[in-house]
Amino acid sequence: MNLIKALGVIIVFSFSDAAFSAPAKMDPKNDFAAKDATSIAAQEMMRNSFKTRGQASVDRLNQDETQALCSQYQDNPPKSVRAKIEAINQKLLKYPADGKLLGDWKEGEKIAQSGIGKQFTDNPDNPSGGNCYACHQLTKTELSYGNLGPTLYNFGKVRGYSEAITKYAYGKIANSQAFSACSNMPRFGNAGTHGVILTEKEIKHLTALLMDPASPVNN
Amino acid sequence: MSDPMRIRAILNGDKVDVRVLMAHEMETGQRKDAAGKVVPAHFIQSVTVTCKGKTVLSAQWGPAISKNPTLSFKFSGAKVGDKVIVSWTDNKGDKRTDEAPITAPS
Amino acid sequence: MNRREVLRTSSGTMVMALAASAGLLKADAAYAEEWNKTAFEVKNLNDVVKALGGTTATESKDISFVNAPDIAENGAVVPVGAASKIPKTELIAILVEKNPNALSANFTIPDGTDPIITTRVKMGQTSNIYALVKADGKYFYAVKEVKVTLGGCGG
Amino acid sequence: MQNAMLSQRLLAGVIAVFAITTASVAAMAQSSLTNQGGDQTAKEIERYRQALGDGNPAELWEARGEDLWKQKRGPKNVSLEQCDLGLGAGMVKGAYTVLPKHFEDSGKVEDLESRLVTCMVMLQGFSYIEAKKNPFGGPDNKSSMEALVAYIAGASRGLKMNVSGKQPDEKRYYELGKKMFFHRGGTHDFSCSTCHGASGQRIRLQDLPNLLKQDQAQRAYTTWPAYRVSQGETRSFQWRLYDCFRQQRFPELEFTSEASIALTMFLAKNANGGVMNAPAIKR
């Protein structure tokens, strides 16, 4: 009953907005999103309320299985679902074919500082940043760092510059959810169905920022 | 054209506490617009504050003063009801003058 | 610094200034002191002092910063105030060393006005800021560093 | 119900922190050392914020908004003074505290901005397109909408948020808004809750309120609209949501869209009891 009434409102709304812009189109294949009545109504509502601008098309509202599960469980899924999400993402996670995991930490620092990329106001021809400082402390000198993630200062120094830790660092940047389901951290190398944020080369630079003994992270 | 200033002049003891808020873009001449064109500088260059015909503060500003500038200072020799008059002139020759009476502290 | 330079800055200013100089308008205080273009174009403290008519400035503990933070969350608006305890203070200026042009503002303090002013300046990056004071014809300054931090999720 | 969810989330947060710090004892020692530096930074930032509070350019928007409210405008050449913002025609004081709200005349749940659009259409005779044309100002572009919002929000200063949310559509909007809050999507897997679903978090040096906790939701909601010094503009709550989604890497949220109002309903109701102190001034 309520749902029908609400749909009525949606129709009225999208009708009055029709002259303003073309109604948003979303990929009808959005199989993973939750199917309860409120979720369906919410997805419908969002479809009618967002529009494509620049590189940010409305299909970014579509969810892959990981996103759908994390939404459904409000970022806190039970153990079994957690394992499922991590398994899905372990499969998505790819390491460099050449076996080399380390790039140039100086390039990594630039990527860590930059927060641009993928917004509808960003130029899609320019590379995206990693914006690591938004959430992590990395060096002694940068005071403006966030705390959504743990401090990474002395990351390599305290863990040891081993092959295993290097591989973990690369993997965590490329696909955080392969290790920690519903992490707040973007999957930089496997951004769901919406393409990658950082290239393999860029992730190598960031891995070097964490793991190079000469990097300011370890000094 | 430009919005009126907000002027507060409050008599505290024998001193008048003046706070001024001005509406101005204070464009630096260094910013580029969406099309990549440099936006020409547009900023307040001079500010004069008078009370009872006497200048109580004058200032020269460059484009590094923040957008919608604020200014505060204190002077003596006036009473409640006297008018504080603030004028500015910008680099394009636009001017604005506003005034406010000195009030007692609330 | 000469009058012609100022007149060239914009036609609006020119008309007003000419009208004032011809006695057509009552020249108000703002026009009594022309905008010191040179002072606003030079890059460092010493050159500003020279452009204001002095020779050199000495550091003074009798000048203090008011409200100026050590760290600014955004460089577009940095509150800066300066207070002088030096007798016969007649001018207080605020400079930002690493801005494209150092001088931000220059306040003339008449008798009866306290030698303390506050305003807000833009800072392009972490920099030293100076409070420059002219008192009894001599120039003095105080200096402090203000760090400008980056912010946001998409910057 | 709400409380159960919150404590569950808090617990999850605690567990997450432990998981992070078990990496190594050395890392823990390191982080407590560097946190001291962080505290000093936080103190200085607080000083900066207090200095900003000294003068708020949003006053310029409030003054312009009051003029616009009283000015005869539009094809019908009437003022907005007969607009019902939720407390009856012409009542401005306190109106912001009861919005969003369902209105009989339009048959819709409306927040302040969409209500102003409705009044501009119904009272002043503007078209919808005209009324929604310039929602957010910029350099050399003054938005009437943001000025009106600043004036009306300012008239609720000192009053408590009091959103009813009882009418069936209001209830539905609350639930839809809540779903939306947790909706992850886009290139970065972000949802609102990524940044605003746990306490004590910050991006760079900006504190992120946990919008699921009442006291923080109150503090956040009651300080919008706000003058943003980084933009030199007074911004409305619609803008706050619009720009959050931009940074979330979502597509563009349409001004006064249904989703924007549903999310506002969720956030405003969570802030009930909070004392309005807007327009505020923020970085």
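The letters A, B, C and D name the chains in turn, as written, and every chain counts its residues from 1.
Throughout what follows, a residue touches a chain if its C-beta (ideal position, glycine included) is under 8 Å from a C-beta of that chain, and two chains touch if they have at least 3 such contacts.
Quick caveat, the model's predicted, so the values are computed rather than measured.
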item	value
Most central chain, Cα average position	D
Chain B-chain D separation of Cα centroids, rounded to whole Å	31
Approximate Å spacing (C-alpha centroids) for the pair chain A, chain C	46
For chain B paired with chain C, centre-to-centre distance based on mean C-alpha positions, whole Å	15
For chain A paired with chain D, centre-to-centre distance based on mean C-alpha positions, whole Å	24
Per-residue multi-chain contacts in chain A, two or more chains	119, 121, 133-134, 143-144
Touching two or more other chains - residues of chain C	71, 76-78, 118, 149-154
Touching two or more other chains - residues of chain B	66-67, 70, 72
Interchain pairs in contact, sorted by label	A-C, A-D, B-C, B-D, C-D
Chain C contact footprint on chain B (complex, rising order)	15, 26, 28, 30, 45-48, 50, 54-67, 69-77, 87-89, 91-95
Of all residues in chain A, those that touch chain C in their complex	113, 115-116, 119, 121-122, 131, 133-134, 143-144
Residues on chain D engaged by chain C in the complex (per definition of touch)	41, 44-45, 47-49, 51-52, 54, 195, 203-206, 229-230, 232, 246-248, 283
Chain B-facing residues of chain D, complex	54-57, 59-60, 63-64, 139-140, 229, 232
Residue numbers on chain C that touch chain B, as the complex places them	9-16, 28-31, 33, 35-36, 39-40, 76-78, 81, 96, 99-101, 103-110, 112-114, 116-123
